[in-house]
Structures are given as C-alpha cells and as structure tokens.
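A short write-up of the structure that comes next.
Labels run A, B, C, D, E and F following the written order; every chain starts at residue 1.
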Amino acid sequence: MLHIVNKSPLERNSLAACLRIAGSGTILLIEDAVYGAIRGTTVEAAVKEALVRFRIVALQPDLDARAVADRVIEGVGTVDYAGFVDLVAEHRNCQSWL
Amino acid sequence: MTEGTAKKFMFVNRTAPYGTAYALESLEVVLISAAFDQDVSLVFIDDGVFQLKKGQQTKGIETKNFSPTYRALEGYDVEKLYVDQESLVARGLTEADLIVDVTVLPSRELGALMDEQDVVLSF
Amino acid sequence: MKFGILVNEGPYQHQASDSAYLFCKAALAKGHEIHRVFFYHDGVNNSTRLTEPPQDDRNIVSRWTKLAEAHGVDLVVCVAAALRRGIREENLAPGFRISGLGQLVESGIEADRLVVFGD
Amino acid sequence: MKFGILVNEGPYQHQASDSAYLFCKAALAKGHEIHRVFFYHDGVNNSTRLTEPPQDDRNIVSRWTKLAEAHGVDLVVCVAAALRRGIREENLAPGFRISGLGQLVESGIEADRLVVFGD
Amino acid sequence: MLHIVNKSPLERNSLAACLRIAGSGTILLIEDAVYGAIRGTTVEAAVKEALVRFRIVALQPDLDARAVADRVIEGVGTVDYAGFVDLVAEHRNCQSWL
Amino acid sequence: MTEGTAKKFMFVNRTAPYGTAYALESLEVVLISAAFDQDVSLVFIDDGVFQLKKGQQTKGIETKNFSPTYRALEGYDVEKLYVDQESLVARGLTEADLIVDVTVLPSRELGALMDEQDVVLSF
C-alpha cells in the first residue's frame, strides 16, 4: 500500500500514526511532510528506523520549495510528480494520512 | 451490483468533532456510500475516536450534535466500525465511553485491514 | 490507468489543490486518464469564477477550468458542501458542475485508484 | 472595553468563526464594545451572501449580518484575501464591507484588546 | 498574559510550544484544545505540571460539546463565553497559539 | 503618531511556508503595519523558522517564492526579527541557514518578550 503523508511530523502526529498503524509498504512524503525526510531534526531517528519496514520517498518539488533538498536522509528516495503518479499506479491501493 | 464486484471502501476518521467539519462531512459520504452496495468500513484513529464519545451536548456552541447519526449507521447496513486501541488508551477512553458498538483492534491489525482496501477515504 | 481525485481544501490557504492539480497534469502527460476530480469540504471553493489572484501568482481556479477544457476532465463540486459555503450555479467557473456525493462514491468504484488531497 | 476581533478561517470547516461569534455575543451582552471584526485568510469566506446551510444547522453568515445590524459592529473583509478567494461586492452579504489590511492594524491600535480566532 | 490554545495537544504541538515559551500567565483551552484539560490522556502529566506556573482554564461549552466535562483535571478551572470575555479583559494582553 | 503612543505589535509565525498560505499572508500584514509607525516585531517558532530557510525554489510547485520579501523588511524599518533557539535546534538549522539576520533567543526569553506586547497577531 502507498501511504501519502502531507503534514510536518514536527507539528502534527500524522506520520507517527502512519508508522504505528501500517506494517509495511511505501511512504510518500509531500507538502510540509518533506521536513520528515531531512537530516538533523528530532524525527530523523524515527524515520531512519522506519526505513527497515518501509520504502520512503519524498516529493522533489516540495523539497526544493522548502530548500531542504540537500539534506535528505540516506536511504530516502525522491520523485517528481511523474514519479508520484507512478507510485500510485504501481501500488494496489493508497491512503492519505490527512 | 453483485457481492463479487463490490469494492472495499474504508473511511478513516482521525479528527475530533466540532473543531473542524471533517467528522460531520465524512459521515455524510458514509451514508451515501451505503446506497451503492459496497463493502464499507469505518475506522477511528487518534482524535477521531472522540467522535464516538457518549454524551455530546452542543447547545453551548450552537452547533448541531451529529453524534446520534453513528447510531443510525446500522440501519444503513454500515456495521464495520473499527477503533484503534492505542488511540483509545492514549485518551483515557474505554469501549464503555463510546456511543456505538465497535471492534477495538491493536494498531497493526488495523493496518492489515487497511492493506486489504480498494478505496481509502480520509478527511 | 483511470484516476479519481478528491480535493478537500480551498484554493490558496492550503497546498492541497495545487498538489492535486500538479498530480493530474503529470498523470495526463503520462497518458493516464483522470476520471473525475471531486471537490468536497472547503474544496468546493476551488470552483468560484469570482477569484482574481495577484498578477504574479497562479490562478488556481482557471487552471482547473483549462484542465477540464483541454482534457475533458470531469470537475464535480459537492452540492451539500457548496450550499453551506456559498457556491452556486451563478458563481460557478466554467468546466465545473455541481452534483451529489454519489459522484464521489461512483468515482471510487469506477476509477482504478482514488487519491485524496486535503489538510 | 473595546475589543477587536480577527477571524482567519471560513465558515463550517473550522470552529474559529463560531467561537469568534459567540465571543462577540458574550462581550456585547456584558456591555463591551466590538470595535471591528476583521476577516482575513479563508476568514473572508464568512462574508458570502450565497450560503444556504441545511435547515437544522446554524447560518454562520446571517448570524454575522444580524450582529452587525443589531449592534453596529463593523465587519471588514480583507480585499487582497477576498480577491484571491472570490469574494466581491456582488456576492457580499449585508453588514460586511471590503477594505484593506490597514483596517486590521488600525483595529489593533484603537481597540483595548485584539483577539485572534483561527486554525 | 492570556494564552489562548485551540488545538488538541494530542494532535498538534501548539500547547507544547506555549508551555515551552511562556513563563507564566493564564492558559485558556478552547475548541479541540479542551482535550488537554481532561484526565487519563498522555498529556495529562504535562498539563498538571504546568499548573505550577500557570492558571489553566477550559471553555465549558467546548467541554460539553465533546462530552468530557466530567473528567476535568483537578486544578483546571472552567468558564463560559462570558468568562472568556472577562479573562481577555482582565489580562493586559493575549495571544492565540494557532 | 508619536513614539510615545506607538503600540507594540508582534507577529508570531509558527507555520511552514507553502503547505499553507499563513506565512505569505502574515507577511502582507507586516508590510502594511510598517506604514502605521508602530513598534513591530516578528518571531519565528516551530516550523515557522522554515519560512526563513535560504535557497527556496518554488518553480516545481508553480507557486510564488515569497522568501525574498523577508530581505525587504529592513527597507520598511521592520528590523526586530526573533527566532526561537529550541525550534532551530529541533530542525537541525543554524543561523547560517537563514535568509536574513535575526536575533536567536532561548524560548523563555522569547516568552518574556511576548509578555511586553500590546497586540499579538498569529496566523
């Protein structure tokens, strides 16, 4: 399953809820959730730990807008909007953690 | 539409009632979806569990109390209501606090249920 | 592949409508079909023809209209949510139509994937 | 005492407008003055005369209009935020007026307290 | 100073930010923030601890709407909208932690 | 209006840019307030500190990059910019990451500054 998260994990609990409830799959971080993809934050450890269970990907245009593309955690991938579309198509189902 | 072609629809409720309209308007879609003979389930996670809290009295905020609608779901054949156990515990709630009968599940079992869905709607 | 899209937030205040639009554009560019975009909650505010954003900013409403015109995308605004928020035929932008929540459920049934954009 | 009020969210989606209204009503009942209610961000959507909420629900827009009529409360809608979101004179409810952000700053200066309601 | 908080502390970080930054004063919990006023939640300990530095008050109509008025933490007060108005008037200034 | 009667206005920024419009529209009020000769200060807390991150490139999201406006504030005599130290640290940021010069303060000192204000606007 593709899990789409769009809220900053430093501000809200939606990424935490996703990590607690989902067992596996792909997590796509978009909009303010891309702050979860970067090094040096208080949620970095939880995200790294989650890489064992999940494929984690961040949306490049949202990383660029927020000027954090140069500090993406190793092991976290990036996609553009075309890649976002591919992710939705590749997975049997998807869920937005609003 | 026959049973075989029905899709699994899941409505994910993660927001508290009244602070925002998501809970109310989510319920409106659930009621409509019942008419389409799909396999519908509702899950309540995080502050979404507060939607089911017994005893809501909204006179003081001059807003409609929509919580009785959860009781009406059964009449629409919407009977699969799941609640995340960890969310209940984190809020000091038990099943006895809830306005309807639900199935309480550990988080990961809820996750497994999500994996089986065709369409997941969250508000 | 056939995609259904749900937009739960209005224009400018949240990024949801922008993200949904850019997703649709990318999907169409890859040869996919956008079965329907359903606007619910404050999402209905994407359909007012009365917006007039600053010259140097994107025009969110007219972008949706152009997408509908160029690719025949069905833009559906929830009637119940629209009435609460002041969207009616008289201020509806071209390319949008007002209809019931059944259109959202139908989109979930008919599309291969339904993607939700919101707050 | 003179209160200024800022409302940052639209009707129905968030409780902000409800809370602001009930605060104003309580303040007026206690003999205070509401110097101005300023609607900014999605708050401008509180001012559309086109809303038609369900019969069993509160009518947020007309409540504001009635408050303006009964107590002479100045309801000001930010012009820049309004243009982005499709609020103009032609769909403005009675009791509201469209003006600039200076009216918000002025309210902060002239009122004894400015209370913000938002998301 | 009067600090007005309107977000559930189980969901967002605004009450935490208020407690970290403000040294003293009164905290009024309204809307979904009233969940911070009740017993048995994961934030109860932080709220109780804050009672040493702050006067904490919850808005009764919001407690009633959410059916949690019967479980308010000891030491946390309640007010109606008239009391909300009084709190704003009594304090020299106020701030909403949105 | 003379210096003596100026009010202290504080703008509190706690939200990230682009995910919502609060940052952009807050900045619009700040610019207007400058014309009223008040004592204006801005504080950046929590994800609000990301508003000041150097190097924002918004072409890919087709949205206006408004971050250069922070550089223009000085020209409007808005010079009091405060940043919460704890918020910076929690996000792995340092002053060198920011597009403008700011005063970094420990949380409680920021709180003391808030106490002195007449009008606090948050979005």
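Everything that follows uses one rule, which is that a contact is a pair of C-beta atoms (placed from the backbone, for glycine too) under 8 Å apart; a residue touches a chain by one contact, two chains touch by 3 or more.
Source: prediction; values computed, not measured.
Participant: In contact with chain D and with chain F at once: which chains are those? Just list them.
Facilitator: The shared contacts of chain D and chain F, listed by label, come to C, E.
Participant: Using C-alpha centroids, which chain lies at the maximum separation from chain F?
Facilitator: Ranked by distance of C-alpha centres from chain F, the top chain is B.
Participant: Any idea whether A-B or B-E has more C-beta pairs in contact?
Facilitator: Pair with more contacting C-beta pairs, A-B versus B-E: B-E.
Participant: Measuring centre to centre with C-alpha atoms, which chain is farthest from chain D?
Facilitator: The most remote chain is A.
Participant: Between chain C and chain D, two touching copies, which fits better, same or different residues at the interface, with half of the numbers shared as the threshold?
Facilitator: The interface of chain C with chain D is built from mostly shared positions.
Participant: Give, as an integer number of Å, the spacing between the C-alpha centres of chain E and chain D.
Facilitator: Computed from C-alpha means, the inter-chain centre distance equals 24 Å.
Participant: Can you give the whole-Å distance between the Cα centres of chain A and chain E?
Facilitator: That pair's centroid distance is 32 Å.
Participant: What whole-number Å value describes the gap between the mean CA coordinates of chain C and chain D?
Facilitator: 27
Participant: Residue numbers in chain E touching 2 or more other chains?
Facilitator: Counting only residues that touch two or more other chains, chain E contributes 6, 10-11, 13, 31-32, 61, 80, 93-96, 98.
Participant: Give the residues of chain D touching no fewer than two other chains, as numbers and ranges.
Facilitator: Correct list: 8, 12-13, 15, 19, 22, 41, 57, 80, 114, 116, 118.
Participant: In chain F, what residues contact two or more other chains?
Facilitator: 18-21, 46, 61, 63, 118-120, 122-123, in rising order.
Participant: Go through the chains and record each pair that touches.
Facilitator: By the stated definition, chains touch in these pairs: A-B, A-C, A-E, A-F, B-C, B-D, B-E, C-D, C-F, D-E, D-F, E-F.
Participant: Applying the document's contact rule, which stretches of chain D touch chain B when the two form their complex?
Facilitator: 12-15, 18-19, 22, 56-58
Participant: Help me check something: in the complex, which residues belonging to chain A touch chain C?
Facilitator: Listed in rising order, the residues are 4, 6, 30-32, 61, 80-82, 84-86, 88-89, 93-96, 98.
Participant: Per the contact definition, I'd like the list of chain A residues that touch chain F in the complex.
Facilitator: Residues of chain A touching chain F: 6-8, 10-11, 31-32, 35, 38-42, 44, 60-62, 64-68, 70-71, 80.
Participant: Using the touch definition up top, name the residues of chain E that touch chain F in the complex.
Facilitator: 1, 13-14, 17, 20-23, 25, 93-98
Participant: Would you pull the chain C residues touching chain B in the complex into a rising list?
Facilitator: Within the complex, chain C touches chain B at residues 6, 8, 40-41, 80-81, 100-102, 104-106, 108-109, 114, 116, 118.
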